[in-house]
Amino acid sequence: MWKFIVRRLFITLPQVILLSVLIFLMAQMMPGDALSGLIDPNIDPAAIEQQRENLGLNNPWYVQYTDWITGALQGDLGQSFRYKMPVTELVEQRLINTFWLSVATLLITYIIAIPLGITSGRYNDSWADQMITGYTYIGFATPLFIFALVMLWVFGYQLGWFPTGGSVAPGLEPGSFDYVLSKLQHLLLPAISMALITTVNTVQYLRSEIIDTKQKDFIITARAKGASESRVYNRHILRNSLLPIAAFFGFEITGLIGGTVFVENIFGYPGMGDLFIQSILLRDYSVVTAVVLLFGIASILGALISDIILSLVDPRIRIK
Amino acid sequence: MAFLKVEDLKVHFPIKGGLFNRTIGAIKAVDGVSFEIEQGKTYGLVGESGSGKTTTGRAIVGLNEITEGKITYEGEELNIKGKAIDPRRDIQMIFQDPYSSLNPKKRVLDIVAEPLRNYEKLSRKEERQRVHELLEQVGLSPESILKYPHEFSGGQRQRIGVARAIALKPKLIIADEPVSALDVSVQAQVLNFMQDIQKELNLTYLFISHDLGIVKHMCDEIGIMYKGRYVESGTKQDIFNSPQHIYTKRLVAAIPDIDPKKREEKKQFRQEVQTEYEQSYNDYFDNEGLAYGLQSVSDTHLVALPEKG
Amino acid sequence: MSKELLEIKNLKTSFRIKDDYYAAVDDVTLTLNKNEVLGIVGESGSGKSALAFSVMGLHNRAKIEGNIHFKDADIANISPAKLNKLRGDDMAMIFQDPLTALNPLMPVGDQIAEAILLHKKDMSTKQRRNKVVDLLNKVGIPRPEHTYDQFPHELSGGMRQRIIIATAIANQPELLIADEPTTALDVTIQAQILDLIRDLKEDMNAGIILITHDLGVVAEMADRVAVMYAGQIVEIAEVGALFDNPLHPYTRSLLNSMPSEDEAQDKLHVIQGIVPSLQNLPRKGCRFAARIPWVEESAHEENPELHEVTPGHFVRCTCHNHFYFPDESKEEQANGVS
Amino acid sequence: MESKEIKLDDTQHVATKSPSGFSIIWREIVRDKIALVSLILLVLITSFVYGISLFLNQDEIVTVDLFAIHEPPGEDFLLGTDYGGRDIFGQLIIGTRNSLSIGILVTLMTGVIGVLYGLVSGYFGGTIDNIMMRIVDFFLILPFLMIVIVFVAIVPKYSVLSFSLIMTAFLWMGIARLIRSKALQEKELDYAQASKTLGSSNLKIMLTQVLPNLSSLIIVTMTLNLAANIGLESGLSFLGFGFPESTPSLGTLLSYARNPQTLEYRWWIWVPAAVLILVLMLSVNNVGQALKRATDARQRRG
């Protein structure tokens, strides 16, 4: 197993390097200087060139790349020229907001997916299964941004049950109970909206996994041993079907990133996704570069986690 | 000059592993195999799973790359790396699984005509005519020409496979377990039919099988493989009447006898062989559990034994 | 009560395909005694596995008619709870493919232990583990302590089949059903597994139903043999009687189509036609008639039944009295039978 | 449904694959009422939208009319107007046409690239496959949406064509991966091996033997991808990184709802577009799911 994990890590490293190269190339295509954020990209090209020369930003590309990576490794992601502050500082609070939003979304996703998937798979072709399958079809077909808009319209504006923007009500003291409660209230609607859509994949997967496992020969062996139906389900079918779901966990992160861009934008939730869109619109490219880099690394780590979990739960990989 | 001569054939598959997924070893699927086949004869290659019998056959027809060794067909060397002279017109293969060996999306016409289209420039009419003849030759009605494989039974499918294999009038056919996926009654059908076309077309067979009963019925000469090496080879009489290698004896002893009266006798024989196997294991296998090189015990009979002295 | 362990009466097992029921097992009546091996031979599609699954009560959605008396129960009409008490305890099954029959994500030892746990609830975990190790020893696994914690994919085919057998015999069943136990294995391994089953039988004094397509295996193992064709038993007899004096045209054709020991015979006998699929079974008359068209129609019974020809030797249909191989003359045939 | 639980010993007599896949697909869709309705709906919407848009002038519709700002639905404007006084109904028709067109275009382009890439990778296997799949793995992990947005934002001379190229560049990997794993299985089957011994070249085997056996998978995947691509395009347009201003899309109409006023009080601007996207995606998905059932014997209903 250790061999597998170490080998997997050896794949991760080039992935991160490749990601950084890709982002570096993208940054080169942006006007101004997207790595340091020291130049206003909106002034005319000749002036930009002049400033670059003055700031010593026209070094050969490999020197620029090394400088950027060295800085990034030390936590220096350049300056935001809009906010006139280090990108790292700007990102910090937003990152925390997005982190909590993601945790809430994942939790709700699994809270919905597991019971629905199990019901649907175990009693397939019952009316309950048909209802659940219907839900997954609709969820699968509904774009997240439309659903989020409708949720905001209904629960935010029409019913007024949830706040319609921000991550916390103003004027509350950080750390107080009210503060935490307000935070929770602000992230609940976006999280539920996102979870209700993203969960359908897991439901569908769990359902077909259970139906598949039900037809395996070793289930017949278990019955022949005298195991009752409930034991066959709990010991053999569920266990074998839930393990691959556990491995899905890391990949969910990649999916969440796309979701946060939409959801944070619609709910005005000050997280990374919202920051990303704002920065692009403000042409604050050093921030854009930093956000893409961070999210890229998060995705790579997510895939890594998934593979490691899979190797832990599946003896066929574990023993190799 | 031998019709087909295999000399010291080795087919190794790399084992990938370690941290960088480098080649760290090799599975020696075929590890130094030599034999000759005479034209018009049926040569049986026998072994259990993992013995390398199928790999040997696939190497001859060009489906597996040869690591080392030489295969000569009518005096010409086959499968030289880089430039391969095309033996495929003369050497054809019949596959084990009658279900997966025919493309489910193709009609019988396209399946049987595939080799013709590759090697012979025939007009559509000529091609159809040839396919008709071939189907008749294997005992299928010409109406089958527009049907799809799933409309046939296992035995019929195997015949379509044979029709395809003989389309180019080959001289050597590698038959890889041609009946092991079929029911007993259908087996007989295919075996009989293989014997018929052998006579008709003067074919040579390399008959690969795990079933000694069938091999005994079909083959003139037999080679027995174990873990990529030969343990014994000889005529049918050599192998069945005086098996010399302990592995051959184990194989022969393991075949269930169709006569219930011989049950006790058979069981006793098996026990004797087992005792001999346990006591004299080292006389037959080297440190790695592999067979030794072949020594001849008669003109036709070769057995893998340690060199004397 | 007699010494019969299992008594099957007029069993009919049907499956629903679209809107109709089709009988994969039809009118099967047989008995199994203690310490007896009953071989059931047939080609694919003969219904032999469906029969085994019916006896174990493993069919989920089949319609089962008739009776299967085992101990004090009728498995054809039994509550799930009662069935689960019997299964794995008094009766057990060995499966064809030892790889798929084992849970890939569970150590093999635990899979054997499950069978014990389900029927001997008062055993401690440690006792259970010891018992499993004993069983592994008994089925000839070299390092039982080590093997206990291994997973199926780490074992060879023969070893896996030994695990399946250990699971089946864990609770000393009285009835053991082996469904093609050696089909997926190499010949030398097959011989070992068959020897193992035979030894275990002597040990346990159990009745065994051995299902196979291999006449050789039957000849080696069985005391009595039932030959199945298209869902029905066409012939049933003591093993010696069946191989010495096969009666039903199907049995005779089957034996003739095998390459025999003496090489004299050049051509194998070919049975005409193909085994009919479940949907295409003849609904009445002799089911083998279509494959021996040269035998006059009048030779067959309208509703073929099993007839006791000599004591203990049953044949279905009367056509066996008139059967001959097309390449022999009728007279030769007549002499041969008497 | 009954048949799949049946344990028969003659399973090998049952054909596992049927060659005439199209007739099965058709039968499955007709049997599945929801899929049939979806298909009909799809055909109706498509022909309606493409038909009507022939008579509409895109330039006229996107021209600002300051005398008709935020008109509610009425006689002059069937579905009212937006903040620039532009006719919503016209935008809806043109938008749907544009969204559909780009969805189809991107699906076809990613399909061709993905199928060829996956076929080569799976068929040749070994080191080639290893390298090709590492590349795919890397692309799949990327925060795709963000990278597309960045490219849309920085590409000079942005147009519909560059937009579809950017989408294609980051969307072909999924299908490539799927095709590769199936091709890997297929080429090991005896029929592909047999072709080699019969003298067929690799290219020929790949295209004439293996590819036909992947056709149902390709059709299903492309159908489902079409729905996903329509959703994605409208999503990007919603955020303002899809079609250029002058080319309305369904997402453009929805993006007006980012203004709370519009979201709360002027439903006619965004609700029709939302409904239309939903209907389109549901229909395409339903057809796709029915196709999937038709080609997967285990899930087939009849």
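We just call them A, B, C and D in the order they show up, numbering each chain from 1.
To be clear about the criterion, a residue touches a chain if its C-beta (ideal position, glycine included) is under 8 Å from a C-beta of that chain, and two chains touch if they have at least 3 such contacts.
Here's who's who by UniProt: A, D = ABC transporter permease; B = ATP-binding cassette domain-containing protein; C = ABC transporter ATP-binding protein.
Computed from a predicted structure; not experimentally measured.
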Contact-richer chain pair [A-D vs B-D]: A-D
Chain whose average C-alpha position is farthest from subunit D (ABC transporter permease)'s own: C
Distance between the centres, which are taken as Cα means, of subunit D (ABC transporter permease) and subunit A (ABC transporter permease), whole angstrom: 23
Centroid distance [mean C-alpha coordinates] between subunit D (ABC transporter permease) and subunit B, Å: 48
Rounded Å distance between subunit A (ABC transporter permease) and subunit C, as computed from the means of their C-alpha atoms: 55
Multi-chain contact residues (two or more partners), subunit D (ABC transporter permease): 5, 7, 12-13
Subunit B residues counted as touching two or more neighbouring chains: 153
Residues of subunit A (ABC transporter permease) engaged with two or more neighbouring chains: 220
Subunit C partner contacts - residues on subunit B that touch it in the complex: 48-49, 153, 155, 183-189, 191-192, 195, 210-214, 216-218, 236, 250-251, 253-261, 263, 266-267, 270
Interfacial residue positions of subunit A (ABC transporter permease) with respect to subunit D (ABC transporter permease) in the complex: 11, 15, 18-19, 22, 26, 29-31, 125, 137-138, 140-146, 149-150, 152-153, 157, 164, 215, 220, 254, 257-258, 261-262, 265-266, 276-277, 280-281, 288, 291-292, 295-296, 298-300, 303
Subunit B partner contacts - residues on subunit C that touch it in the complex: 43-44, 157, 186-191, 194-195, 213-217, 219-220, 222, 239-240, 243, 253-255, 257-261, 263, 266-271, 274-275
List of subunit C residues in touch with subunit A (ABC transporter permease) within their complex: 56, 58, 80-81, 84-89, 92-93, 95, 97, 100-106, 111, 114-115, 118-119, 151, 153-154, 164, 167
Residues of subunit D (ABC transporter permease) that touch subunit A (ABC transporter permease) when the two form their complex: 1, 4-5, 7, 134, 137-138, 141-147, 149-151, 153-154, 227, 231, 234-235, 238-241, 254, 257-258, 260, 263-264, 270, 274, 277-278, 281-282, 284-286, 289, 298
